[in-house]
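These are the structures in question, set out in turn.
Next come two complexes, and both contain subunit A; in the first it sits with subunit B, in the second with subunit C.
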Partner chain A sequence: MPQHIKRLLGVFAIFIVLFLVMRQVLKPSSFGKLGHFRADAIYENTLKPMHYTVADSCTKCHRTIRTEKDKGFHKNLKCEVCHGPGLKHSLFAGQFKVGELPDSLKLNKPGERKDCGVCHQKNAARIKILFDTINTTMVRQIDLAEHNPPDLKANEPANCIDCHNPHQP
Partner chain B sequence: MNEDSTQLSRRNFFKAGTVLASGVAIASALTPYDGLLFAAEAPGAKGKWYGIGIDITKCIGCGKCANACKQENNVPSDPFYFRSWVEQYTIKNDGSILVESPNGGVDGFKQSVPDAEIYKSFFVPKMCNHCAKSPCTQVCPVGATFETEEGIVLVDENYCIGCRYCVQACPYGCRYIHPEKGTADKCTLCFHRLKHGLQPACFEICPTEARIFGDLNDPGSKINYFLKNHTCMVVKPHLNTGSKLFYNALSPEVR
Partner chain C sequence: MEDHLQNLYEVLSKIEGYVYPNEIELNWSILIVLYPYITGLVAGAFILASLERIFKIKVLKPTYGIALLTAFSFMLVATMPLVSHLGKPLRAYEIMITPHSSSAMAIFGFVYLWYLMVVLFLEIWFDYRRDMVIWGNESKGVKRFLYKLLSLWTTDISPKAVALDDRIGYIVTVIGIPSAFLLHGYVGFIFGSIKANPWWSTVLMPVIFLFSAMVSGIALVMIIYIVLTKIRKQLLDMDCLDTIAKYLFYILIIDFALEGLDQIHRIYVAEESFEALHALVFGKLFYTLFIYQGLLGTIVPLLTLGTLQFYKPKPQIRKVIYIILPILVLMGIFFMRWNVVIGGQLFSKSFYGYTTFKTGLIGMEGYLMAATWLIIPFLILSFLLWLLPPWRKIETSHE
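So, the complex of A and B:
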């Protein structure tokens, strides 16, 4: 074999070894285990904190509200729909006495016209009938501008919860 | 130079070809190539294979799903970062189509067109389709986004270089660059909740149960019941993305 070919082969060998060493150092250990990605990333994605809980964890303590809610139209609604994410509340609120709950554990108590209007403000796309297996229900549509308009003179806009019980509307 | 070495006779060509082909066959039998295995077996043939159903006839556009997603996943509250959002489609009597999504529907919707002008109007909740042949994972130059065995498309935040290829590749616009992390971010189908046996936040929260989630491989699952009993369609079927987000009563206007 000519001399220059031998030298060239030597150079190639050095490059290949260098590539393999660098690949070993730079490649994350779990890369390529399950495909062209880091297999550890699947586990890392499970580590993110949760904020929402499940409906059962609310009714363990708030039993009276549950029995109240079960009779009304809002029986299929989960508590967190209106009250916001409640995992922290459900885990730690039990340690405090009634009335001593710190603000960080308190949940939303919506009841203004705009809060109820999120579902109940009249909208052409919202008038639809919800079928479930037993009965047929419909999300009540209300024109907030017409329905019991706020008294402007008194400067106290009437909230929905002044007249309606949100747990049993 | 010898003439034989430069000119390959037919006999020698077949000889060399046979040796090469049998060599490849033997080598692939010894160490099967992953790519061939993947092609032989459909993804998700074993184990769980998650699918999503959205019933447009039931969606009342309250935007609770978009709101829940932002809070559960710490998505920036600015009105242009969304993993899940709701659009209101209004088709007017003159045939023009109006698509609205004020703040992704997080604060609810207000009807902007008077009733008399509306031919029809409906809400379309949007989110990652978790495609089986997802364009976004195919374009990633570093392998920072991938599909899990359960059919969930995830992002590896520690490996993403923020090149924005995947944001452009997604035909459904379901990805964004996280302003603080500088990496791609998208719906994970609340992967951290699934591992605890819980539903994703948007499915948990939907007040009218317009969102259905379940295992497509399980014949008794909610999603299979939903698909059996409704006429379902995916968005942009012509792109052949293998979308697993099925809409009931999807209008052709939805893009």
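So, the complex of A and C:
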């Protein structure tokens, strides 16, 4: 075999051996413990900050609203759907008196027309889907522009929550 | 409150109709457009080189070396868009050391290595070894060391050894053609096998990707050849350019036919996804699909190249055409990738809604990042052309 072919093969052999060695050295230590993946990945993900809490945790302090809500149409909506992630709030809000809640612990109070419209605004695509499903699970659709629109002259109530209780619509 | 959790309304303003929550954000961004684009350029440039080597189309000789080095420099960068897209560059190697046979992505690591090391590297090495030995003896300093290192301090340049190099180089190229098909067919396969997405899921996808790859690679080498020759103040080999243009024309026809076939099939079958795709194509994809990809990137080049097959204007005019056409073609193929990758994510799999794609200038997934990965291959190529200038090679005829 000519000299240069030998050298070339040598280089490739070195590369392959090096690869096999590196494979052993570099393989993440937790790889394969639980399956074909890095077991530490699970642990690392648990370290990520949490933002949401369990649905029931609000009940501890806001029982009246919970019972109110359970009787209405919104009974299947979780509090955090409207109020936003509430883990920090439910952990620390108990330390403050009524009216003294710091801003960092305040939650959304989405009471504007567009907020309710997120779910209730008439949407051709949405209706088409929902007609296929069982009627009771359907979200009623209204047209924000037509359903009791604000009357600027008469100063009538126009916000949804002026007529509907968000917790018991 | 944390911003990213509060922007529901902003998010909702991006969508039309009904989309599933996981479809609002496009997970595959501009970098994933770039990745098939760059691998396509590699495969295409290599095929052009092998036309000369295997199919013995001797007029293409001036572009052989350029095509190989182009393929090599783009290949070195091909995975980088993926790595920067995934955002964990320090863990990127793990896909290589813990592969799983059921993961197409992991197998790609090996397809890639095979193609880079066994095909491109070996072919270039055997092609240049004799010259590197000679240049190594002629030059001084760092360059001398580089040549010596690259030629592994070999000295044997007897006719017998050179003939052997040539023979092995030939075999490598023969292996290389199916490998190039594999490399790029694979990229198409990744998309074509996503059965949940009607815009991607077609068995034609690998073939379409392959032919569009060839189109783009050939166009790229054409431009590089013209620019290089101008920089070196040499005369353009018009025969060579005419021949490249001819092949570009043939392959463009196949590419166009395949893509047309795919669309006609879609229209004729008119599955339940059809209406949604129809609205997509005439809405958000109108410019990128019909104008950039279809009209400018395909029809105009096709008609011009077709005309050139019957009627040859003066070389001066042909030169201009040969500069403009490849640019159009390259742009067209870029938007073809764009339409596949981005287009496939714009519509909801419920077929009732659409989302929008927005990307910034800066950031890990921004346009600047994408531009960087398009420019770096040219820097590598300049270096390689400086180190291994194909025009300084001693004429060997590949037998």
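Rule of thumb we're sticking to: the second predicted complex is superposed on the first by the 112 of 169 C-alpha atoms of A that agree within 3 Å, B and C clash if a C-alpha of one lies under 4 Å from a C-alpha of the other, contacts with A are read in each partner's own complex, and residues count from 1 in each chain.
Heads up, the rule we're going with is that a contact is a pair of C-beta atoms (placed from the backbone, for glycine too) under 8 Å apart; a residue touches a chain by one contact, two chains touch by 3 or more.
Predicted, not measured: the structure shown is a model, and the values here were computed from it.
Using the contact criterion defined above for the overlaid structures, shared-chain residue A:Asn108 touches subunit C, although it does not reach subunit B.
In the superposition on chain A, A:Lys122 contacts subunit B only, with no contact to subunit C.
Of the two partner chains, both subunit B and subunit C are touched by A:His36.
By the touch criterion defined above, A:Pro85 reaches both subunit B and subunit C. In the superposition on chain A, A:Lys97 makes contact with neither subunit B nor subunit C. When the shared chain is aligned, subunit B and subunit C each come close enough to touch A:Pro28.
Legend: residue contacts after superposition of the two complexes on their common chain; A:Leu47 is shown touching subunit B, with no touch to subunit C.
Put subunit B and subunit C next to each other and count what each touches on subunit A; the higher total goes to B. Judged by the touch definition given at the top, the superposed model places A:Leu77 against subunit B, while subunit C stays out of reach. Note: residues 28, 31, 36, 38, 51, 84-85, 114, 118, 123-126, 128 of subunit A belong to the subunit B contact set and to the subunit C contact set alike, using the contact criterion stated above.
Those residues of subunit A whose C-beta lies close enough to touch subunit C in the complex are 2-5, 7-8, 11-12, 15, 22-23, 26-28, 31, 36, 38, 51, 84-85, 107-108, 114, 118, 123-126, 128-129. Residues of subunit A touching subunit B in their complex: 28, 31, 34-38, 41-42, 44-52, 54, 76-78, 80-81, 84-85, 114, 117-119, 121-126, 128, 130, 139. Per the touch definition, subunit C reaches subunit A in the complex via residues 1-2, 5-6, 8-9, 12, 17-18, 93-94, 97-98, 100, 117, 125, 129, 151-156, 160-161, 164-165, 168, 350, 352-353. On the side of subunit B, the complex with subunit A involves touching residues 34, 57-58, 60-64, 68, 71-73, 88-90, 107-111, 113, 115, 118, 121-123, 143-149, 154, 156-159, 188, 191-193, 195-196, 198, 201, 204-205, 207-209.
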